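Labels for the chains are A, B, C and D, by order of writing; each one numbers its residues from 1.
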């Protein structure tokens, strides 16, 4: 009975559940740069590079999936490394705009290299190789690595850079190096999400990786809160499920999507998963108990 | 919007009463997955209207062998992930007999494999990209690809407008217009018509004069335009403003009476080829247009005509199979019955022809129809032979 | 005076500024500054506001590049070195306008200072090897110890921005010490403190110096400087105008002139060397 | 052909400038990258279209309706969203994210009400006449847009330079805190700026809607992306920059179509933007109202 119920549930919602996983990876990828105080919105582009690199390898050359996944991480990481040196000198809004422009350039290049990428028609017939445990494992490993990093000198360096770049440099922290690390690692995680997603949905096209996706990734992280690793994951879960939950609203559904985003920014400035607030609430509950 | 919901609930109420009256009749659940929000909603909503009109007509005439059609309509937002989710919901949760949609070819590339794996018919009425029906033998469409109509459009245009060389313009970031372009190129090569220059534009562009100025300098005899109306109409207006008087040869995307409004004063001289034309006075088409205008207070377009016909085509197959019992058996029976359907509707005479997959093995089914070529003149489509 | 280079012999200086100049646009903030700071002891740099003192620190720590001249630290030229390299060579500093990591705890602040001392590698970190855990534990212990030096070890997990002003200065000092610097630069360490806090810090700094750290401080508070430093240089309008022991500086005519000649100087009444004497 | 292309570049550049004026004004004074400006621009155009088709207003009436409607909308956005964020001193990226949400709300509300398909202004609203001089074709509307964007920019510049209000705004741009201490009604001027900037957006919506013959809910989106490029090229918060950046982008796009290939049009635009940020992050040109970010 339960098994049958789960079977139907999984038939209907497997894709949604796995989308939650890949979106969580994306949110974590932008969390990395945000943790360093950088607003880089090139993650949609890195996701595209990862998706195309891996899909081309499995589709055209029949490479094994794990190798294609590795390539899907390596390609955006390499790209991030190449553009990182000049780009990461910028800060604040300027960095955001430069990465935005980079994202547009990537999308247009994908459109224009149609011999390889299929242009606007995209790549279709990508083998569906992603299993649920691939996504689970990828998310678990990513979370474990980031969790460790956070509680090590790297995490402290990130936070120090976020708070005061100059002071961080004078603590002996290689500011440019750590920014690059966050940027490249974020690109690799975004690429992984892209590669997993591409092998889940049979099809990828350049339109999926534009400005909207970049904003969506950022929104997930901010919505959940970037004070912890749980925040981005929570944000990804909510933003992925929200459209399903709001189905009844029909034409005005996305209006509520936007409204929720505004309300959270206004009333939950540290995101939904605000550790301090949660601790406070827990304290109140304990006192009342 | 509000009126629609009201109409919906009224319809539900009426069908519920009808259901109570005829005790033995069961509803046949038909899934409809179209883009009802987002940028593609303008096509999705038109498509939904076509389905609703056809289903109402069929139900009013007593349904299919006494069974009423029940449409379960879901919004895929024009996104591939949503299309997958919606297909899964319709197939596994709502247990529909078959699914119409999705609106966009990209979504179809992602969602149709789901239907194929579940051995459920996926019937596209608006997907024109190559390769969709290669996905498998449960994938059908009655939307003609440009490959089928463009040679005819070119032939007629060349004959009437004395075309020796053309310039090409297309939207390169959209599947519909890009695949239209690919087929134009093939058709032009086949007809041995030289291309003076090829220009592109992107969705949301407001200015096309740079491209048009370049085109003007190459002195083509016509401009081949693979565009959707949103950009196609402004392109025609701006071309006329630059003193370009040569005719346009458009794809499916331009085949809409809205062109007379959106390109008012500059809408003459556009050749379009499509199985459906607003000016086609066949009795089926006249009836369709009349009924559509009465029901929705707006003029139909090609998307509505194709979905309208799609529903009728499906119902022809449905009539021949035995319902009741095993859903899986019903689904595959429907699939087996569909390929032999022949139907004459708003888009004229229709039949399927088999498509092949990448390896050349038989796969799904494409439309086989003859194109009607018409040219715009004084706010009307005039059919040319 | 600074102009005369020390003859080879006695002891090689820890830090040497050689003909250092820095211009901002047309403004010459530092001109031909020559200074040698010996190993050990507490060295002071004083001068009226706007004399260019903080610029000297910014040049030493690599935040600014000199327009001309060179800086040598233990025979290494620092020109072109990025701040983090300079820190790793053994120079640490505090700031005039405290720059703590405000959202981090005290312990974390000091542990950031220990950054370069942690030798584990990425795979140690990911696999949480013994090396990683040992290093982290040692760092935590060391941070606790440094905080106890400045008597803040009872507030380890407080957030830095919850500290009082005086405690923030002490935390910054502990954080600077974390890199175990050969040279510690203090930029106005008692600015904004009350006299009780000043006295306490004075003994803290003295104890730190006794542990063998070389200290180079900029300070306005003459009682503090004169009480701590063995050797003082005076900067005015970007030039070194005097150098010597506190008693000699106190009576140096040029120095008194420099302070008294600037009426707009808010630090003048009690900041002038004479007043503090 | 080059002469015609240069005229094309001029009118396209002015289209961009027209949009960017309000966008850059908000950034200059409020320090916010207002990503709902594209949506406000679109709403203004729709409001004017409704007024024209229901009330039969002439062009100037449509422009007034758009200015007022968008302006009030901008004011409401400021009151409900930006003011609370200012009050709690949120880091500057937070208001930007909030305006993304506002943009989503407006775009989808309009789409829910009017549908996703293109609509257009009645064609008699503006003369469709083409003026041909020496083989160069230009429409009356294009001339109007070119004139208006130069005039609006000159007007704004003059207002900022010569009036008391302008001086107050520049003081706020330098430092809102210092301006407050000088007794300037900072909040009031923030409201005024939000109103005027959004109103300008509405005017741009009408004119660009007329220029491209199409209104649709997403019309603000690609314009917003171009607008971002324009204000960065011109220097953020700089009034002259909006025009210079707009003209520069228009020229770059038109020339890339003419000599590189139209499929590279946006790649050239954004590639240029990327490069310029790396080389000259403060924009190509000097700035009048630069704000620290």
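For the reader, a short list of remarks on this structure follows.
The definition used in the following text is that a contact is a pair of C-beta atoms (placed from the backbone, for glycine too) under 8 Å apart; a residue touches a chain by one contact, two chains touch by 3 or more.
No experiment lies behind these values; they were computed from the predicted model shown.
Contact with both chain A and chain B is made by D. Averaging C-alpha coordinates per chain and comparing to chain B, the farthest chain turns out to be C.
Closest to the middle of the protein, by Cα centroid, lies chain A.
Two chain pairs, A-D and A-C, are compared here, and A-D has more C-beta pairs in contact (counted per touch definition above). Look at where the CA atoms of chain A average out and do the same for chain D: the two points lie 31 Å apart. Separating the centre of chain C from that of chain D, both taken as means of CA atoms, is a distance of 50 Å. Taking the mean of the C-alpha atoms as each chain's centre, chain B and chain C sit 75 Å apart. Spacing of chain A relative to chain C, judged by their CA centroids, is 42 angstrom.
The set of chain A residues touching two or more other chains comprises 111-112, 251, 253-254. Counting partner chains per residue, chain C has no residue touching two or more of them. In chain B, 1, 37-38, 41, 172 are the positions where the chain touches two or more neighbouring chains simultaneously.
Touching chain pairs in this entry, ordered by label, are A-B, A-C, A-D, B-D.
The touching residues of chain A, counted against chain C in their complex, run 144-145, 148-149, 152-154, 156-157, 159-160, 163-164, 166-176. By the touch rule above, chain B contacts chain A in their complex via residues 1, 5, 36-38, 41, 74-75, 77, 79-82, 84-85, 88-89, 91-93, 105-106, 109-110, 113, 129-131, 134-135, 171-175, 177-179, 358. In the complex of the two chains, the chain D residues touching chain B come out as 1, 4-5, 8-9, 11-12, 15, 108, 111-113, 115-118, 120, 123, 128, 130, 132, 137, 139, 208, 211-214, 216, 218-219, 221-223, 253-254, 257-258, 261-263, 265-266.
Of all residues in chain C, only 61-63, 82-84, 87-88, 92-93, 95, 99-104, 108, 111-116, 118, 120, 125-126, 128, 132, 136, 139, 175, 178-179 touch chain A in the complex they form. Residues 39, 86-87, 89-90, 92-94, 96-98, 100-102, 104-105, 108-109, 111-112, 211, 215, 218-219, 222, 251-255, 257-262, 265-266, 269 of chain A are the ones that touch chain D when the two sit in their complex.
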